[in-house]
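Structure first, then comments.
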């Protein structure tokens, strides 16, 4: 994978406070290169999901965020949302349409694409996650693993450059987890994956960020961080 | 029957309902024709009559609301019920109206059930959409349909958790006052609502991150909207004839 | 998975064509106002909120608790929706619920849908809103909210049932002097279940997310029109019903004024039945009066309690 020196994600001094006064992010600085697959680990409440929700402007904290050279502002939020595919933790929340096809088509419809292009995008996305025969099915009738795949397809159809995944392997049985890991390994996108699944981190990610109480407390190559007993003990276990 | 466009089916069903509801109550010779229409349609659609009939039982308690017309409609008494000093007369027009209401209700439910059995919810919503129903309502209905089962399962889990903790020490009523039980149930309803509220926030986030901007957009649908004008004209003519027949032939 | 139908969903065949068309027209009119209002006031996130809460109301109608023997109390949800969403969005949400119940589950008819929407999505919501606002104006205390919720829920069920009974009476399917007291007394009881569940739900929500019930949300942001509308509907139905049930000829008089009597004479419609059994009148009146007294008592008790609280508050703060 060719890693250039331009930055796909750049965050400077990002702070965020929830309406209930809890400060969830305390000065995040972060650079992620194109094609880099980065894992975001840390205990519940460390701020991982909050950080992901900032990548496409769902939450707006203080600080600056650049996505693929575009500065995230109220004016560019539409553009940025086309670049960042956010996959939520619960596929039931992400798949809100009556059929798989309509759900995968949702993003392209809002991008204003012509019908033929929408159709082609949906086929492409479902193919990428191996769910090409499920277009007419209702999301309710899918297994958790299938829902996860479709949830990923719903953002792939927007042809984003970045995938931001929240707990992608939570609630999966071992076989579904295995096939999800293989899927993530095979996708070429820049990824930021918030997860507790260290096995997945080891296989998919080349870089690990450890978060604790709203700060990034460790950042390094996967093999280094996962062997660093002291860091893991302090922030994760 | 399954191939007919959803919009056509919806309009035909509405026509049938209108015809049945507007049918004069003494037109007993026309009711069998209406019934035959139902049976033929069910046969064509390969729907088992038993399942249709089961569905119609749901509404029958409501028929009780029409019971008083037996006694209050003026006319020749056809039956006099006496109990010690009191006696009450059942009038012939009363019986007729009571039976007519029952028959109409039953036929209407059959027709509506047939429509549902042959048309998936999605197409039905598309048909309602095509009849110019407001988009906000049909889109909210689609969303409701999507989450109805998810949330119903939550409700079932809540009730299971409650019953697994409401053991009885001996035969008879469980403990707690009715008010307490109502409060517990209210708490369950409250938690169901809260969870749904929070879920709707997450769904909103998911929609937003895929471009939702407050306007509801859907794919220009290709199927289900095609109207079959000929079928509709024939159907309308048939219903008009039935109404005329019912008015004249009592 | 479906709850036993609450007795308020009128099936097709019960309403005359005139009555069904009239209420379709009224409901469509009110809904179009609601749509216009919500378009202006709703935030983008309220559309998913309406869809998901519609599902929650539907599912919430499955929840029940045993009262005695085979009877059980369960929820219709109009009051809860009104308190959480504000009246306009609640009207739309209840519209979605009631329409899907008719369209998919044959719970309530399609021709009768206009009337059912009027009772449950319009009267139910407007009355809930008026009663809730009225009581909250007396006291803004957190503890008072469930009580106000109880009163709102009970009144919404009770008044909506009067509207339902009047529609049946106008259609000639159930004579006014029997339908009104019967519906009213049954729903005075059902309303207690609705009220208790609503209050329980509000207690729960008040503990977990008090922000949702703080006066600044949807409920208070709504217009005065709904408030007035709710009061007018309540009073009109509460006055019209005993009138109709004690003077069934009154219905005929109304119909005559409207020129409906011609329609009633034609064989197509049989609007107004003539009544026998004059002896029932006084009994019917008594039942209705009992219902009205119930309303007064609920209001009186709630007002009394807040009044006491407000008086005793200075002492509390000193302690």
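Going in written order, the chains are labelled A, B and C, and every chain counts its residues from 1.
In the analysis below, contacts are C-beta pairs under 8 Å (C-beta built on N, C-alpha and C of every residue); 3 or more make two chains touch, one makes a residue touch a chain.
All values derive from a computational prediction rather than experimental measurement.
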Maximum distance between Cα centroids and subunit B occurs for chain A
So which one's got more C-beta contacts, A-B or B-C? B-C
How many angstrom lie between the CA centroids of subunit A and subunit B, rounded to a whole number? 43
Distance from the mean Cα position of subunit C to that of subunit B, given in whole angstrom: 20
Pull out every residue in subunit A that's touching 2 or more other chains. 96
Multi-partner residues of subunit C (each touching 2 or more other chains): 48
Identify all positions of subunit B at which a residue touches two or more other chains, and write them in rising order. 121, 142-143, 145-147, 149-150, 199, 203, 207-208, 212-213
Would you mind writing out the residues of subunit C in touch with subunit B in their complex? 1-2, 5, 7, 9-17, 20, 31, 35, 38, 44-45, 47-56, 58-60, 62-68, 73, 75, 80, 84, 92-93, 95-97, 99-100, 102-107, 109-111, 168, 172-175, 177-179, 182-183, 193, 196-205, 208-209, 212, 267-270, 273-277
Considering the complex alone, what residue numbers of subunit B touch subunit C? 13-14, 17-18, 20-22, 24-25, 55-56, 58-59, 61-62, 65-66, 68-69, 71-74, 91, 97, 101-109, 112-113, 116, 121, 124, 128, 134, 136-137, 139-152, 154-156, 158-159, 173-174, 178-179, 181-197, 199-201, 203-204, 207-208, 212-214, 216, 247, 250
In the complex, the residues of subunit A that touch subunit B are 53, 56, 58, 78, 81-82, 84-86, 88, 90, 92-94, 96-99, 102, 105-107, 109-111, 115, 118, 138-140, 154-155, 158
Name, in rising order, each residue of subunit B that touches subunit A in their complex. 121-122, 142-143, 145-147, 149-150, 199, 202-203, 205-213, 217-220
